[in-house]
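Heads up, the next two complexes both have chain A, just with different partners, chain B and then chain C.
Right, the complex of A and B next:
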């Protein structure tokens, strides 16, 4: 047995919160989705499960090594099962429209679980990514969440829920891909020469524009563009503009960029829409003689959303590329030159590999950020998971809001974990990690 | 092999090199010596065109270096820098392979060569080839740097304070190994240092620089015995007598043992300075000289050392 002084303080705090939350109401029973309800605690309906959870919390701070993540997994499972059981008990005999909403105790226990996983002892940490998802999966498969109000609301939408999640991911990923295609070269320029320092401030400035204002600005422009310009013409303008800016680049790079800027925006509009239609649920239609609107470039919908998201995602990509390249040791660069690398070889063989872990961090930031803010796309009819949030807000049904919000959080966490894993693998492969 | 002709380098109003003319003979180690900011590194970097002279010409093997593309020129010159500049994302083997790869050598040839180079600098390929620079000690990293510079068998080596970043015992060991390697390889070496002792130990000729000009270009013995300018005298300072002893082999100073063997001893291969240090430390008047088997073959007396040290 450990002495009190050796106890893990974070786990101790988490256990305290976990115990406290057992004294609070977990489920609010509402006669229907809009009416106020009454909070119900866990001890009256499920005393056995509640006691088991309490015992688990009491034991947690004393555990080390594999026992800690194992118990944490069990606590997570217990949390889901307890909430589901209480909700199930309450709904029995109630009408179809009654809802078992989530109350303070449920959320507080989630917070306690999160703190406990963050505060895991170092030797136990590597098992957490295994036991926690496993516990959630078991809870999901056994249907513990099914009686809870957000799940009931979401289930009512059935197929549309999957469609909106798909659309959401399609918008976010097209925006991030575009931000990479534009942001990495811009970051390289900024790192190469002080003349392009404005690239950093520009991408910073773009992020300060409120999204609603941006949508308002884009609406008439994109609407007109979609009506009056055919796909063939747009592609021609982009090709000609890029060629012109390439010519101007030779005499004055800044002038070249000035030309490239509006052309680039047009390319972003078109590219974003096409990319979205390529990966999203809508079919991709390409007819050169048709106006752009046929391909999806309209004042509302995915086109302005993906464009705005691409601009927002630019900052993390540009900054991380810039920082990554700037952090390449001067000695490595000098050695590369001295051994006879051309500037292209130096870039691809030395600078880019050494900067890549940081660039990847930027991509992670951009993706997580974009998955989150893609919810605003619902405001201009582009739908996505924000649609449910908007529906919930408009109808005053807080459980509806959760139908949109919880998957967004889950997707963002998933993307974050995935890219962290890739980053770790990359560092190991480059020999930058023990 | 390398010839500088009236090389001038200006940065704005500042003149880093103010008309340097110098010739480096093939197979020689020439040390560019001087205080920081004297232009020695700038001069070194004009050879592989990391610095382009404002005036004057640098010849390599009789040819103006500007006639080659910088990349091609550099691939034919070994380059070792103080901070070593190993690529942290490449293994030791990959680091050594860089120039052969740039030159487009075929795989089996370049890998064999890289392993040979690692062995040459005293790193067992089986142990070190797959390690990353992060996992090397300072001395090991510096050896890899040298192996990398030698990989494509360049005739000329440029070394910019290569041993500046390691601790003194390691530095001495690296210097000894460099001399041993150079005796076999006979490269033409341009070597930058600010350490007088290192220069005296390694150089065939020393080029002492100050404020972008050559103060004196001579063999170490001559430089120490006969400083041509006040700056050279001051730079060498009071340790010049001791340093001269470090260039004189013991071999010529040995006298036969007359009966009793002195308690202290130095190896036959040592320099006079080592014998002098032993004498001072022991407070003795003579020291035994031993051969490789440890047998005393003669002695060196303090008076002899004092005499050669003050000779002009």
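Right, the complex of A and C next:
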């Protein structure tokens, strides 16, 4: 028999929060999306389900091994089903504009579920990534969430919701790709020679500038650029500039960089916009004689957004490449030299693979960061999921805010989990993990 | 002896003279409305050149007040929380706290601001609550990291000298972790200042006001006014904290 003192304190806390939340209102019934509503608890409408949930919370701290994640999955399913059932009961007989918004009890139970999954006992931990998503999937497929207000609002947008989500991901991923193309070489330079230490300070400096300010500063510049310069001219300038900086590099690397810097920025502007149009919902237009605005380089919209996001994403990529290469043990390098590798071979076969888990950490940081900041881009007309948030803020409808916010949080957590998983597999393959 | 000590102290404070002068200069620049007006008028000839509803200095001071309040709350919540979960009594809650503050940062800023509205009301107070959520991660993470990096033999030596656990924390662990903690506070301060730019969306004040107003009426001069001012503030704040780190951890400079 387990004594109270031996119980996992986090699971105990989670159970306490879970029980407390059952006493609070779960759903706020509003006559329409803007009016105030009244909070409704779970015991009056669905006493059976509520009692089952309470029993589950009481049992959870005492469980170990597979029983813990199994019950946690059931609790998650119970949370979704209970909220959906209460909302369904309340909406019955109401008009079509009535909304079942989410109230404190719903969110607090979510917090309790999250806490319980983080605080799972060690022997139970490996099953959590299986049972929790499974429970959510079942809830989703059986339509438990369907009566809840954010889902209703999201569904009302129809196709536009998918389109904005696509646009959001296209902006964030174009920015991360650009940050990788520029950031990894810069990180390598910084790691190789102290002369390029300024690369680290520069990317740090870029990130101190507030996102809205950076958007604002880019607005007039890109507007001007888009009107005055044609695509052909821009491409010519980029090609000539890169060629010139390559020539100068041989005599003086610093001089080469001075030329490469503005050209690189122009390439980032153009590359970001074209990349976004390539993967995003807008068509890719390439007419050499037309001004850049025709290809999408404008003061507002996706062009300044992708450029600013690329600059933000630079810091995590540069820093992680730098620290990753710096952390390569001298012995590994020596072994490579001893095997007769050239410095190029050494880089590709020894240094880069050993640094790759850390570089991947940087990519993870960059992706999570850009997925979040992309919401701010809605303010400069770039749309994306921030569009719904902004609509909600402007009209004072918190359910609309959630239509944008919940998918953004989900995408960020998903990207985070996915890249963590890849990183773990990579470390295992490299033999860095037992 | 006394002279030597005061000399040493003034030498230690010397790195802060430059930031203080720089803050004075920047505030002077903000107060010099006419210069901004003329410059912006030259850059954007077809638009109203200056946001006239509030002076730039007022907006900047308001921005700093929001940042400072939120920053203070972050310290009041973040430091004790991190220290508690770093100690044996709170160790069980460490993964929970680490995960929660990390998840908090994935929340989109505009959304947090607006969802806090029902609880705290319209205006700058709501903004402060949301900013608290953002600022927590760097402070908590760095405090944990700094405390974990204190070498175990140093802890043993302190215990051997008869320090109680609390004395050990104050006199040994926190001073040794200070550089890492300070850099967390620096990151957090800059992040809060940046996110505070979004406060006007929920009726708060600060330098975001001319940016948001400019975007709404398509006036690039307003946008540039706010953007330049807030970028200058962010860079200066970052640099000030870098200097502060140097002053508060003089042993680092000696080693280097």
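We adopt the following convention: the second predicted complex is superposed on the first by the 431 of 434 C-alpha atoms of A that agree within 3 Å, B and C clash if a C-alpha of one lies under 4 Å from a C-alpha of the other, contacts with A are read in each partner's own complex, and residues count from 1 in each chain.
Going forward, contacts are C-beta pairs under 8 Å (C-beta built on N, C-alpha and C of every residue); 3 or more make two chains touch, one makes a residue touch a chain.
Predicted model only: the values in this text are computed from it and were never measured.
In the superposed model, A:329 makes contact with chain B only, not with chain C.
Within the superposed three-chain model, A:337 lies in touch with chain B and out of touch with chain C [touch as defined at top]. Of the two partner chains placed by the overlay, only chain C lies in contact with A:412; chain B stays clear of it.
Looking at the shared chain after the overlay, A:209 reaches chain C, while chain B stays out of its contact range.
Of the two partner chains, chain C is the only one that A:404 touches; chain B does not reach it. By the touch criterion defined above, A:430 reaches chain B but does not reach chain C. In the superposition on chain A, A:392 makes contact with chain C only, not with chain B.
Within the superposed three-chain model, A:354 lies in touch with chain B and out of touch with chain C [touch as defined at top]. Between chain B and chain C, more residues of chain A are touched by C.
Only residues 43-44, 92-93, 95-96, 99-100, 103, 105-111, 113-115, 117-118, 190, 193-195, 197-198, 201-202, 208, 211-212, 214-215, 220, 223-224, 226-228, 230-231, 234-235, 237-238 of chain C touch chain A when the two sit together in their complex. Per the touch definition, chain B reaches chain A in the complex via residues 48, 50, 70-76, 79, 81, 83-91, 98-99, 102, 132-134, 148, 158. Within the complex formed with chain C, the residues of chain A that make contact are 8-10, 13, 114-115, 118-119, 205, 208-217, 219-220, 223, 299, 368, 371-372, 375-376, 378-380, 385-386, 389-390, 392-393, 398, 401-402, 404-405, 408-409, 412-413, 416.
Chain A meets chain B in the complex at residues 329-332, 334-342, 345, 350, 353-354, 430-432.
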